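Each in structure tokens, the structures are laid out below.
Consider the two complexes below, in which chain A is the common component and chain B and chain C are the respective partners.
Here is the complex of A and B:
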């Protein structure tokens, strides 16, 4: 076995194991950590395919940013595991049946017959000094400018939606607006009242 | 590398709407006091402006491609875009008072509605799997947020959550199908996919495998059986103004998505996807009509009726190619388009009526709330009667001609049994539409509060109701528009 093939099978095995643990782990923190592992090994497989930019982005954004946030959220929330697992055995037969059917059907189509090396020959190795990142950079703002700009608007939608669904102005909290505090004048704080002197 | 700056001209309307969305966001942030009114006025201005641009700048019977063939400007796209502007504008108009009564008319609502419109425009003009998907996500994400907009209501947030989870699953299936199509053809734009299929250079088994997943995604967005589970819950749980938005313009966008993917991209597989569509259509027509009978909530009833209407619409799409003969295709697809357009007009009016009867602190959700409407407002009772008759397919309203057109194309394609089944089911379906008419005219009102609605809503709702009757008297105008749009776009 070639070394590259060995690495591929190693990564693939870790990936499948990690993905399984994500859905079977009892502790949500463990599940999130296994997801990190799954992303990391998927990045490794992409590196083997010479898609180094995608691999780096996957590790940086998903592992570095998204999953860390995810872990925080999971740790902060008090998740009742028993309630989550309610009805699991009831749904299992139907779910398992559909799952197995899907896997069998996919195995028939995605097996070696249509996606084996005979059907899909190995692509020619990239030339010396070929850079995936550079090629992506060349097309991102030129050929793909339309979907790229639209994707930024999709992010805007996500932001607006998140803010509008969660931002609340609470009433009755003892919060002082710094702007008001700075803008305060003497007249607003001290009131001088002139009173006639009183005799004792 | 040679790169030519793309022609921005055909996408003028999309660019205008995108810029206006940003303007609405900034304007309503800085003008806090009038932000609510300002956002609404600007949203309506955006839709009207986009309609002007579409009519006077980009409308032509030529097909133009730009942005490296990712964008297509054709008559079908322009025509559907115009209808989408009108549907969204009318939906915002009807919904405004409803939202204001419930303190939900925050500027974000109108901002999201404009971004949703942009998403639909992108879908309608997509010539590339990537742009189609991005447009779909933009539309769906805005809708998820709007469904959950009443964030203090458990039902609204639950509906939003359900819609989001199921929608994300459907998007995943769609993407998986797209990746298979790409794997088999090596192309992402519909022209090249069509070419690869035409010269049979692609592996058919893999293509069919991808097609199944694509179909699941399309079926979910159209809301047809067996991917319909979200429809009743979301329609019922969402604020009625949002239900109105979901039930109208997105159906046109989903129709456009089906047309672009199936007819423009995978036409060579027509025999296969027609069989799948037949399965979806038969189940939807049966389940939609039977389940609607049992409903007492009018939003839920209209949701099931929407499922059966979408099934009817699919009848048109599935009768294009018969035994390899493509002569029926134009007639069949234009009947499906005609059906989608008339459903949107009827759906606007029906949910508009539900909003009209609601007021601050009261939701007119049940069919019982329509009891004795004739005594409270004979005019609007008549409008509702027109809508219900039209939806049931009673002659000389637009709904009748829509049903007639799709049934004609089904019969022309030789599926007599399918036409008979559809007619039987729509007769069964007439029961629940007529029940609404019966409670309006023959029952005593439970609720005697007078109907008060702003003048613009009354006028628009009357125009909307009357247009169903008027278009029913001369359906040929709309029908020939549909045929013409398709003839100019399908090369």
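Here is the complex of A and C:
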């Protein structure tokens, strides 16, 4: 067995285990941490495909930022698992239906004749000095520049919407603006008065 | 060298690449750990001098054995696991804090060609690995089952996520002007230009055209490593010692090692990205690793100097500096550099 194959199966096993633990772990923090492990391992598998840019960006955004904020929230919530599990049997048919649909869809795609080793031959080995990042950037900013900019616009709208939804100005709070505090100079606070000495 | 290694390679057979890589890893990490140990000594000496004290001076000549004595003391202490702590995570926490700061050294070039893994996306790799560092702190804070530790971890999360953004933008400027993500290429690209031809290489390094980014990167680096004046994470007056409050013995020492290893990493990265790495500052002196070491040492000294000089920021002021000052500055400067590069005044062609 080639070393790369061994690495792939090792990572795949870790990925499957971590993904399973995400949905079976009783503690939500443990579940979130297993999701982190799953993302990280998926990044490793992408590296094996020589997609180093995507792999590293996956680790950077999902592991480094998204999951950190996720953990931030999950750790502060007081989650009662028994109450979460109350409606389990009621939701089971719907959940099972969606699950079966997903499996069928994947079977159609993966088993079809447009996807497979014969339909998609192994790509030729990369040339010397090939940089995944450079290639991706070239394509993104030339051929796909409009879809790319559109996607960024959609994200921007979502961001502005999220901010405006949660923004509220409360009146009468004793909020101190750190910018004002940092800008304070000595002359604004202290006044030196020259007074002649007085005799009784 | 190759001929010398041939019999050893044959002895190990197919496992030789693995063994040879391990040897190289040890060759990087062993000196690094020594540096970390003596960084603590240097810190106490420098801050001592700035506060007109002597600093450690009892153990060994000039107190030089102090780090070893400290390490021994911590080794022999008991590692206490608090009752109610999440035990597995409690142990993993400090390990996760130290591991990324060591893993990042894989792509750091020490001299032309002297690097463990000369990969294309070196800078991205560093960014990704540095963003993992936060997990050690969060996990430790949560697993300790203590309010102080938890508040410390929350602060750490918010602070590190905020400053990573401005650090990332500063790096974008660097890779714009050097047109490469490879750290070796970034250094060699700094050794070209008008000033370099005049023999004044230090003026052609990235720090001068990217001066605001250099400052932002350095300050964000201090914030990323949770050093004073941004050490609200441990803030002993408010949250005792933050995420480390429940740790003792070697588990505590791992956090300590991680902090200092991170400091050295940020310093060496600043020297590589902005101060020309191993390039010599003037034309008539040869390039070499000693220049990189000297620049890194100078930046480390700045870290200590800053710690001895400034009082701790208040938490909301730390957040303000990150979001309302650094991020606008970096955003504007990325555009400025991009326009500058496209304009006829570009100095990077």
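Just so we're on the same page, the second predicted complex is superposed on the first by the 141 of 200 C-alpha atoms of A that agree within 3 Å, B and C clash if a C-alpha of one lies under 4 Å from a C-alpha of the other, contacts with A are read in each partner's own complex, and residues count from 1 in each chain.
In this section, contacts are C-beta pairs under 8 Å (C-beta built on N, C-alpha and C of every residue); 3 or more make two chains touch, one makes a residue touch a chain.
Since the structure is predicted, the reported quantities are computational estimates derived from the model, not experimental observations.
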item	value
Clash-or-fit label for the pair chain B, chain C on chain A	fit
Touched partner set for A:109, first chain B, second chain C, both or neither	first
Which of chain B and chain C A:33 touches, first, second, both or neither	second
Which of chain B and chain C A:64 touches, first, second, both or neither	second
Chain B versus chain C as contact partner of A:150, first or second or both or neither	first
Partner chain in contact with A:172 - chain B first, chain C second, else both or neither	neither
Touched partner set for A:196, first chain B, second chain C, both or neither	neither
Touching partner for A:142 - first (chain B), second (chain C), both, neither	first
Touching partner for A:93 - first (chain B), second (chain C), both, neither	neither
Superposed arrangement (fit on chain A Cα atoms) - minimum chain B/chain C Cα distance in Å	17
Doubly contacted chain A residues - partners chain C and chain B	none
Complex interface listing, chain C residues touching chain A	86, 89, 119-121, 124-125, 127-128, 131-132, 134-135, 138-139, 142, 150, 153-154, 157-158, 161, 164, 181, 314, 316-317, 319-320, 324
In the complex, chain B residues that touch chain A	1, 3, 6, 11, 18, 21, 25, 67-68, 70-71, 106, 108-109, 111-112, 115, 118-119, 122, 128, 130-131, 134-135, 137-138, 141-142, 144-145, 148-149, 151, 183, 203, 205-206, 209
Complex interface listing, chain A residues touching chain C	27, 29-30, 33, 36, 40, 52-53, 56-57, 59-60, 63-65, 68-69, 71-72, 75-76, 131-133, 178-179, 181-182
Residues on chain A engaged by chain B in the complex (per definition of touch)	106, 109-110, 114-115, 119, 138, 142-147, 149-151, 153-154, 156-158, 160-161, 163-165
